[in-house]
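Take this structure, written in structure tokens, and hold onto it; I'll ask about it next.
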Amino acid sequence: MSLSEAISTFVQDGCNIVLGAALENAVPFAATHELIRQGRRELNMIAPISDISTDMLIGAGCVTEVTGAWVGNVSGGMGHNFRRAAEKGLPHPIKVNDYSNFTIGMAFFAGAYGLPYIPVKTILGSDIMKSNKNIRLAEDPFSGEPVALVPALKPDVAFLVVQRADKAGNSHIWGSTGLTQEASIAANKIIVLADEIVEPEVIASDPSRVLIPGFGVDAVCHVPAACHPAPLIGKWKRDNHFFHDYHKETRDPADFDRWCDEWVRDLPDHEAYRAKLGGQLEDLRILGDIPSAPANYATE
Amino acid sequence: MTHEYSTQELMIIAAARQIADGERIFVGMRLPITAYGVARLTHAPNAVGLFESGVARYEPADGMLYTMCDGPNQLGAAWTTGLIQIMGLLSGGRVHAGFIGGAEVDRFGNINTSYIGDIDDPKVKLPGSGGAPDIAAMAERLVIIINHQKHRLVEKVDFITSPGYLDGGDARKKAGLPGAGPAVIITDRAILKPHGPSNEFHLASIHPGHTVEEVVGNTGWDLKSFPEVEQTPEPTKEEMDALHHIDKEGFWRS
Amino acid sequence: MSLSEAISTFVQDGCNIVLGAALENAVPFAATHELIRQGRRELNMIAPISDISTDMLIGAGCVTEVTGAWVGNVSGGMGHNFRRAAEKGLPHPIKVNDYSNFTIGMAFFAGAYGLPYIPVKTILGSDIMKSNKNIRLAEDPFSGEPVALVPALKPDVAFLVVQRADKAGNSHIWGSTGLTQEASIAANKIIVLADEIVEPEVIASDPSRVLIPGFGVDAVCHVPAACHPAPLIGKWKRDNHFFHDYHKETRDPADFDRWCDEWVRDLPDHEAYRAKLGGQLEDLRILGDIPSAPANYATE
Amino acid sequence: MTHEYSTQELMIIAAARQIADGERIFVGMRLPITAYGVARLTHAPNAVGLFESGVARYEPADGMLYTMCDGPNQLGAAWTTGLIQIMGLLSGGRVHAGFIGGAEVDRFGNINTSYIGDIDDPKVKLPGSGGAPDIAAMAERLVIIINHQKHRLVEKVDFITSPGYLDGGDARKKAGLPGAGPAVIITDRAILKPHGPSNEFHLASIHPGHTVEEVVGNTGWDLKSFPEVEQTPEPTKEEMDALHHIDKEGFWRS
């Protein structure tokens, strides 16, 4: 399925969306772009940290709610669109549901595995307990000590980038994964952006490297470099300049609009985006090979 | 002084000295990760660095990192896994310390990285917490790193993102927080530590070339001093060699 | 460290022990034997399912408490020693703390990750809610619906079998892992039984295959076939006859004693056990090679 | 009848018919795993088999399994992972059905695999629950497989390990259980299904060669019948061929 088709099928205005839960790597920026192109509105973007993806969607007017731990530009500074929306209501106001990384992890975990809520200690004393009305202070009935109850989060759709998948969505991920597994399983629909499509035998050769099984995946889209400008382990380096330029070129709304036209709206799809990057993208491609030691699954 | 160093380099080395050998440390990016590298090369060769995205490393990564998820931080790591697995280690005494920074810190070591001004109508919306509250709540001790300016070291933060000693005294314990709380604030002028039963931060050590008056004048609360204010020891040759080995491009030298 | 030394260092009488949390594979039987040899008493054995390991320890008089979901002989039928202890108090009475597999998983998860308890729905309506006094019925404060609160379990020591480890305990596991990760991290001390000791570079070549990092491991012991008669993926087949024979040869206490002398007490260590098995063990060794597809960790 | 079959083979085929195409099923060992294999080879080629140790498979394993953790069940699997990941799928509508057996089942489909007699002084201590309560609580529907004897199909189980409809009626819903409950009990003589608002199990279908009187006489409660008691359809040639393909050694033929 094409990414455009997957998004038009599975994402409606008003959806709660996880777009990248691995923190700073494997961010599905190709989906960010397509959500902007298709003009989705009133989205609630849910993620611990998705680098500049959330800032872009806010600037393009797609977002009315942000649920997560951090929004900005990890190597480049603050997110201008996030600030404008939160401070001045431009392009329109957003509601911010604050979490810490671990507590949003617990919210996903609860959503994934059928637990109504999780009692945590890591958010006690923080004013996040005041700003996020979903989290409740309670008493641990066993010890009588204070505890924060974090209710389950069940996103409508989760997008994730994987290094390789077969056509059925069985896929392999390696490197750090942040909250990818919990956030994806918690979601109602899972859309996989595969950097490479491989034969089913490749994935089946190592079922312990599967993070989400294919039978749980609703769409698999072959989108090379879907992560750009974020890195993908063993596939793409991080485009540090791109993050820096984004920071410089989106300081005011007109600048952001120009940036967004140039890099998103005026391009029909991710293939055109890759073509526009051209040699800049090729320079980020990882050409070396440092392979993992094999695991033996023989039975005899 | 037999060797030159910048203020930032001194901060890095002061931070490195907070890491004991064999300890597991939540390392942020930039200054703390460099401090971790210096500690590993000098007095703490068996320290372990933890990154909340799901990475644990023995040897620091080779080369400059822009984020903790960059490839060089994952190649040859001790563990690449999920956030819950790594941050979960904070419980059960498996993590000794964490480094965090912030936009504002107050006299009780509470840190704000969320909102300047009113929550519902903020003057500045900061990026948010990341995993800092979790580390602040759970790590055996916390090391805070911040530039020493009056609008950064404030009487009371507008928003407690990551709890220090809250209102001071035993407020932190009463709130149910398992970790002991911030052990030190390292700035570009001085080192502050919590004092007595109030847990208010007092001046503990002054960096070479700075004065008590200057430090007090750049602090947003009525900063008191420990009975004996030390001078922060200058970097040793071994420490500077380690730092230069890591910071080959001289990023921290200016 | 030798397994004998690890057990004499880390296991005292009265300890709460996880001995195998992967269910029917990778059961650390070598540790079972050594606990019997060293005559540990009043142990609380904690595991979802550890095949006949728990039954052996009960028969040898090491156990006064069993915490888990299932005790018996997976392919061979009931565990005679478990029945004798529970029904007749022989060799002495045991306390049984019933859990289901998922609820003991949640108890380990809470213990591992610093959560005081976990609210679950999967045990509602079961009489396990009555027999296990640790689990409490409560009301979900968000929905008002019933929920079972499962408190954290923090074992003193966890034993786990891994396919390969380096000398520092950094290790690789593949195949299904049951509750190995959660139970081990929940434990105060972790003892790794490595089927093979490899160079650190082998483990470091694939940090995503690490289940427990070496810096969390308190002892690593090189014990080939520590899992026998259980299987270990890619290393050892299951010894189905051994389980069958155990069932036949332990029907009454005197029979069990004879079995236990022959296979455990009269042997000085696991090396002698392997030697006694001889060709029977060699027949179980997996000689084939069906390697996993490599993952690339290159950065350039 | 154009082909021979054993009682056990009929049970396997009746169980296989409970699996719809594309469904994800918690498959136990022995009889249910064989039923899963038959279903995959006949009407449900896209079914997925789940094993609580942390395995998910498309194609059934090649060869006889003694436990779900055996090597052949892991080689070429869709997923080898942890118990929480697999059993966690039970929530959120990702698992359609589960197969479980037991020592005792009662008129409301409650299953005992824990204690015969008193809990504190049991006549028989059974092995325990494993993951059966979790599957019984959460799966969209449950399929129970048990031999039809008076001491196995009892008025009331001594201990509810895995809940069916508890005391009947809406007791299950009131207890907060998300899954719908047991849909069917398949025995070696008949098929029972829950009836009307009471959710008491009634006789729905009799296997060829058995009679209502015999079935009622071997049931530990006053077994009532659905208005129309069917005869369990005999295995088709396709079903028997599939079963013979899987059970090459004829384990289930006697």
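Each chain gets a letter, A, B, C and D, in the order it is written, and its residues are counted from 1.
Heads up, the rule we're going with is that a contact is a pair of C-beta atoms (placed from the backbone, for glycine too) under 8 Å apart; a residue touches a chain by one contact, two chains touch by 3 or more.
The structure presented is a predicted model; accordingly, all values stated were derived computationally and were not measured.
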_Neighbouring chains common to chain A and chain C, by label_ = B, D
*State the pair with the higher C-beta contact count; candidates are A-B and B-C.*
A-B
*asked:* If you average the CA coordinates per chain, which chain's centre is most distant from that of chain C?
replied: B
*What whole-Å value do you get for the distance between chain B and chain D if each is reduced to the mean of its CA atoms?*
57
*Just give me the whole-number Å value for how far the CA centre of chain A lies from that of chain B.*
28
*In whole angstrom, how far does the Cα centroid of chain A sit from the Cα centroid of chain D?*
40
*So which bits of chain C are touching at least two other chains?*
106, 114-115, 121-122, 145, 147, 174-175, 181, 205, 208, 233-234, 237, 286, 290, 297-299
*Residue numbers in chain B touching 2 or more other chains?*
55, 71, 74-75, 80-81, 84, 87-88, 90-91, 138, 178
*Can you check the complex and tell me which residues of chain D touch chain A?*
24, 48, 55-56, 58, 71-72, 74-81, 84-85, 87-92, 94, 138, 178
_Can you tell me which positions in chain C touch chain B when the two form their complex?_
111-115, 154, 170, 181, 185-186, 188, 204-205, 207-208, 210, 213-216, 297-299
*Given the complex with chain A, which residues does chain C contribute to the contact?*
106, 114-122, 136, 138, 140-143, 145, 147, 149, 151, 163, 172-175, 202-203, 205-206, 208-209, 233-235, 237, 286-300
*For the chain C and chain D complex, residues of the former touching the latter*: 22-26, 48-49, 51, 68-72, 74-75, 78-79, 82-83, 86-87, 96, 98-103, 105-106, 109, 121-128, 130-131, 145-147, 174-182, 230-231, 233-234, 237-238, 240, 243, 286, 290
*Spell out the residues on chain B that touch chain A in their complex, using ranges where they run on.*
51-55, 66-71, 74-75, 80-84, 87-88, 90-91, 114-115, 119, 122-134, 136-138, 159-163, 166, 172, 175-178
